[in-house]
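Just so it is clear, A, B and C label the chains in written order, and each chain counts residues from 1 on its own.
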Amino acid sequence: MSPFASIVRRDLRLAARAGGSILTLVVFFALVATLVPFAVGPERELLRRLGPAIIWIAALLALLITSERLYRDDHEDGSLAAMRLARLPLEVTIAGKLLAHWLTTAVPLMVVTPPLAVLYDLDGATLLRTELTLLIGTPALISYVGIGAAITVALRRGGLIAPVLVLPLTVPTLIFGIAAIRPLLAGTAATALMFLIGFSLIAIVIAPFAAALALRMGAE
Amino acid sequence: MIDGAHRTAPPAFQSLALKVDALTCRRGDHEVFSSLGFSVASGRALFVTGPNGAGKTSLLATLAGLLRPAAGTIEWTGHDPEEPIRELLHHVGHASAVKPALTLAENIAFWRDFYAGEDRSEAALADAGLGELAGYPAAILSAGQTRRLALARLSAVPRPVWLLDEPTASLDAGGEDWVRGLIAAHLEAGGLAVVASHRPAELAGADRAATLALAPSRTR
Amino acid sequence: MTDGAPSVGFFSRLANPGHFLAWSRYAIAPLAVAAALLVAIGLWLALLGSPEDYQMGSTVRIMYVHVPNAWLAQLCYGVMALAALGTLVWRHPLADVTAKAAAPLGAAFTAIALMTGSLWGRPTWGTFWEWDGRMTSTLVLLFIYLGIIVLWRTFEDQARAGRVIAVFTLVGAVNIPIIKFSVDWWNTLHQPASVFRAGGPTMPASILAPLLTMTAAFTVLFAVLQIVSMRTEILRRRADSMQRRHASELSARPA
């Protein structure tokens, strides 16, 4: 098995065996999406309009909360140091970890999105577009989360700092993600989607380098 | 329980040598060690002694390339220049890099795949006296057994340079014997080792070992 | 030092914290005086020498505070980004200190830009806030500054903080243009009732003069504050060092 595949498989196994963490993530996501109508009122037209945005924000928050587990354990039990002594560059190792992380966080969220869409009475086309934008946008979100987690890996009371660092960076993804679902001006959805794809690709490429650099600098 | 009978001889290693000159390490504000100089040739071991805070851990981490020295040089000779030195090192620190959620076999198999080494994982586990437990999750292991599992990766993936930080921590007398045997076999095959230990006398085979005593230095 | 190129010697002399402390002391007073003068001239030009806006009346004069601060919000980040390169690429001894000193200043300028922008827009908008493209991306920039400030305070080891924050600063530097672009795009989907018409080279001298003067004034003010802040930080680190040395000497003494 290739080194890259071995790190992906290891992280997938660890996530799968990490008790109820995937379930917790999904429940958190659903809870946030459920809470908003309590705050804005159950008026159907309003909820239909807000639905995709609320789902996106709930997904963003859920992803932020899971960021701790990306490097914390590996950093504390010495795995990260040992992983730096391989032929596989640290950047590629991190790319593998981010891939596994995406598979075990964003994908479950996308699976749970259809039932939530029901809560908001979203029609099929809107749901499909929401899923599509989540599919393209969550890799970018995970990338930023990956950078934030690398920067804060050694901080004890790091709790909220990673989200504080990551959230401003996610603004473009959020903007284009939502605009691709329900454009405010006719015809802009396709443009938004293009930008979403473009900026997602940029984020995916930059993140392993930035995260690896942050981890090395933090360990020195 | 642990004996050398299972041990397959490691392959003969290329003749590596280490030369360190005027090495200085600074962490935060104070100097951990300064102007260290020593050489270690193939087939020999250097035991680094000293009380806590003397810099043994930092020295090993610096040799492994995980820490940047403030001054001085580390020179490795005798290896293929195409191969970066990090692929020829094993560094086993205080923390064991063992994942409790994975089985023993999965733990070792990960390092075998990640380091892309020959497959000696079964033999390594057996040699560590853990062969029977291979299918169990590593969480059930005692501290000593965890340590042995951590050290098993040394045999699972043969590499010429071993940097070991307190390898006998948490081990009983039998475990110490085993480590002594491991190191001896490694040196016999032409490998090189730098070992930090509180009590090197137990581990040193007199004719192949030298000792370096570190003292805690004053702050700068 | 060697007989090498004099410029190398010059820069390393400038860079050394000890030498920095030595020469910077003499820079503070002249710079402060220059800043005060420029502010005085700029205010005079702004309040007395410049025309009222045909739409907004006298409130347009807030622009003479808003624009310089908005410019400085960007400049400070540029300084932090250069300092970040200094830390990561050259391990420059002063780079950390520069970055740490610039962060709160940048945050302050950004906050002032937001507040003055809000006041400027109030008569036109009717509210204190509009989700205007520039204002919104300035708000996001403020959050980035605050995140960096928090990072400085959370790390115990300041040297490690410097390196890691440098990475984040550069990531931010790449992302800030992307954020601006996306926020502008988002804003054009809604309506633009932009208060902040870009003047450009066609601006009449009576507006340009006070604007440039005030911009220069605030830039010099930033330079003064930056130097003072860097000196304070260097001295603080020295004091800390001395305390640690005392403590370790104490523990090394025979009981």
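As a convention for this text, a residue touches a chain if its C-beta (ideal position, glycine included) is under 8 Å from a C-beta of that chain, and two chains touch if they have at least 3 such contacts.
Note that the coordinates shown come from a computational prediction; the quantities given were computed from them, not determined experimentally.
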Chain closest to the middle, measuring from C-alpha centroids that were averaged per chain: A
Farthest chain relative to chain B (centres taken as mean CA coordinates): C
Approximate Å spacing (C-alpha centroids) for the pair chain A, chain B: 37
Distance between chain centroids, defined by C-alpha means - chain A, chain C (Å): 32
Whole-Å separation of chain centres (CA-atom averages), chain B against chain C: 48
Residues of chain A engaged with two or more neighbouring chains: 220
Sequence positions of chain C contacting 2 or more other chains: 160
Touching residues (chain side chain A, partner chain B) in the complex: 1-3, 5-7, 10, 13-14, 17-18, 73, 76-79, 81-88, 219-220
Contacting residues of chain C [partner chain A, same complex]: 88, 140-141, 143-144, 146-147, 150-151, 154-155, 160, 163-168, 170-172, 174-175, 178-179, 181-183, 185-186, 189-190
Complex interface listing, chain C residues touching chain B: 157-160, 240-241, 244-245, 248-249, 252
Complex contacts: residues of chain B adjacent to chain C: 28-30, 218-220
Contacting residues of chain B [partner chain A, same complex]: 61, 64-68, 84, 86-87, 89-99, 101-102, 106, 109-111, 113-116
